[in-house]
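A quick write-up on the structure given underneath.
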């Protein structure tokens, strides 16, 4: 794992945070988890302590333990470990950024604060800059997810001129449906930035608009299928890419009708991987196992058992 | 103009409603308008009395006059005239649907009522059914635009089983950014339905997801460019399609920063076509002409004077 | 019924529109309806063709018939008939305003257009002005209901200087929870304006902030109780006013848990009055009668059978 | 400062967090701050580390330092120090709750987590319960502020049966405009709970609905005026209470037109108290001092220099 300037592309799994049944961080299954990603899903890049990882429900100390464990267990197996260090408190984010260096992360990502919302793009950029300055040598990514943050600034405005204040800036995780904003980010940015799309269910659309790769939670257990979407797209076989994307959509829509949320998502990964990831942490509440299993059955029926 | 069962594809211009300076409907420029579309933009299909046409600001009688004029003047020049007949009142919609038959429309489209919102997909489908029944022989399209209607039902749920109750159903105008919903509409529908995408600035993404064509306001004056996007996409030249889409996005984003809205959009068309379309009707207020001209200059500088 | 300059105060019932079982306007029960209001509820003022009256689901012609019937049947029984003439089309609103004069209305009220939203307070005021000019001699009220219109302008900004452009302006129906805006409307307006509050379930709060009266749907069937709230408040007996308001809230909250909406509300009135008001019009769908009856039982158990 | 079971009533100032010009916590001015509240505003109760205190922008350690300082400096001067211990992480909230006991707080309050939103009232209650269990002897308050949290659960549903699981539960800080929900909280709760209203600009309305007191940021510098509102209300002099509330509203509305937000609010307190509270922390950005001074002038002109 080195951050040698190679652009981050392809599929990146946003990892779930394993908890014990009592809700404590469970580092012991991380090795297994990585093996599952690499061997069964063909996914060698991860994004840890993000939204999927329930980072905002964790203490700073827990996030450090997790970052260390993912980096350490990933050595020799994973190509990239991006550690999300965004917090509502700038101080905490800076502490986590410094820690990510020690932990051996390949990059850090930061989300906008959400309780107090930055009043404009410049203030958010200033916040990102202050975090980045705590780990100036690590590739830095802005994590854009307005549906969760409630911060409806254009990503394009946030990243405008950002390399002047964050020399380590390397791109975005764009988890939004505004493809005007996304397209202009792609169109206006230097070639060494990466544009990772974050709405798994419409990845193909973003590829058409120039996405370099994708970060998402479903790549934990449907990475194998979605790798085929990337592959078909690269070959110019749009029809095949669309067919696979539609299958994946059919599963997600089915899950939505069953009450898809982070709790169900986590349970789906437990079921698919055979690794017990435990419950989500409060204020989220565990997903009914039966419901998750119904979705797993749907997944098998749509994609075949090999998934 | 016949509705011979041929699927509606390609670019469809959502027309503006010409008004006199005093705000009365101005039918006299419709012939010129059609010539501009056909000769300068290469657009031979129109969607009249829609959102762009300020239909909800018009009286039933005005909408009838307009439908007649567009159909009559379009004879021999246009391939398709789709008349939007959606109203907040079912009675008015039915009256307009019946009138569209007489006027010689090639199809009708209906938006969801917005003041009183349908509580679920079934009630919206029932509303659509009651309108369609007033013009059973005309191809019927559902017009999905949640950002304007505030009705956040999945289009997929609305059109589920719809052909059983609306035998004339032929597809959707989908003006939304939820490409999971859009993709599943494409994936689950019979081959003779059409899927027309309605967010011009991200048309390429929708094409990748299987769109058959597009309905939009910018095709009034950037139809020529956007026809090239369709063309490049059809040839499998994604790079060229993306380049053109990005140019169009650059213009739209520039316009947004200038305060893009329906009033500016209408003024842009007046400037680009040389046809005076007049002000929008209250509660909208006219766009400052200078602002529109700045956007026009941007358009020329990005796309070249030939536009 | 004369509009002699007396300020409109007290309770005003926002009437439901009676429909036949097949959904046609049913004028035949309006006489009975008025008798019920006057005799059983002690309510002598009505607001017709408003939100409660499903006006936006009616044709212009239907609204005229209704305005005429309410005015005519109310003669000698009602003190005030305010006719709401707001439409999405300015032309239609003007036509209805002119008609209200002929029908003998005591005043007209206008809501903001909602599909195309006025971009600022000045443009909404301009819209209101154009409607008012069609019936310059009738007292004019602005109907403020942001939760339905999605127009989040301050009422205070809308009515600023409004008497200069609408000499017949006489006040507001304020159906919102922003009591800063409401309070400043009260504080800044001339004494001959009236401030009618429109969220029945928190009327007492608005009285404390200076409301002159109230317009609401629940006054159709809980007018008698709410008249006692007004009475207790006027006597300075806040404790009694609060006790009654809390009882009314208990009923409304119970109804909300049963799915309270306009359809249920209409059914509640049918049950309470014994007058069959029929179903709501599409896109609304009828309320399950059993559910409405459960709410009626709750009403009896909280307020006593005399209600 | 003892928590002897006396109900918390009257005005409670939600304190700002003093920072140095460089943005570090500045404990040195807390003594002065308390003196200003007690001597100039007649306010002897405070709510620290809340929204006004930018708690979500602080580290756990900083929040502890602040809690200690406010409690210690307040001894003998303040009647109540409520420490807000809500965090997005349950672990952090528990740690702060335990610390509040040691610090000598008179009570703790907890807001809903906001990034991951509790899916229903039961899950939020469970979260609150887990925090309360870390400080079982301290009076516990639920802090309801949907506009900031985006959690739109009824407070009534959250507090239903809450004393069974949180024996130390003593009431709510209700910062919302839904007075149906507020009224029913008052109506349905045992007499020893307190209902503190949190929208200062419409306090009078909440008093009419049964509020026991108020927590707010403006009581830092307009506490003296708002104490007069309480006093007038208690005497039954609604007219005087309304007059004063309207004056306060006039100032707030003026501030809103100048861009009122937490940054301006903090600057207003610096100006009014003469104590330098420093800038807000990122992602908030400092208020232009001139703008704050214009608001201060308005305050003087409306309320008189004695304020």
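As written, the chain order gives the labels A, B, C and D, with residue 1 at the start of each chain.
Note that in this section a contact is a pair of C-beta atoms (placed from the backbone, for glycine too) under 8 Å apart; a residue touches a chain by one contact, two chains touch by 3 or more.
The UniProt protein names, listed by chain, are A, B, C, D = N-acetylneuraminate lyase.
None of the values given here were measured: they were computed from a predicted structure.
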Chain labels contacting subunit C (N-acetylneuraminate lyase) and also subunit D (N-acetylneuraminate lyase): none
Numbering shared by both copies at the subunit D (N-acetylneuraminate lyase)-subunit A (N-acetylneuraminate lyase) contact, with half separating same from different: same
Label of the chain whose CA centroid is most distant from the centroid of subunit B (N-acetylneuraminate lyase): D
Cα-centroid distance, subunit A (N-acetylneuraminate lyase) relative to subunit C (N-acetylneuraminate lyase), in whole angstrom: 50
Where subunit B (N-acetylneuraminate lyase) and subunit C (N-acetylneuraminate lyase) are represented by their mean Cα positions, the distance between them in whole Å: 36
Junction residues of subunit D (N-acetylneuraminate lyase) - those touching two or more other chains: none
Arrangement of touching chains [line / ring / star / complete / other]: ring
Pairs of chains satisfying the touch condition: A-B, A-D, B-C, C-D
Residue ranges of subunit D (N-acetylneuraminate lyase) touching subunit A (N-acetylneuraminate lyase) (in the complex, touch as defined): 54, 56-60, 62, 88-92, 95, 112-119, 123-124, 126-127, 130, 148, 150, 261-262, 280-285
Contact footprint of subunit C (N-acetylneuraminate lyase) on subunit D (N-acetylneuraminate lyase) as seen in their complex: 156, 177-180, 183-184, 186-187, 199, 201-202, 204-210, 236, 238, 241-242, 245-246, 249-250, 252-253
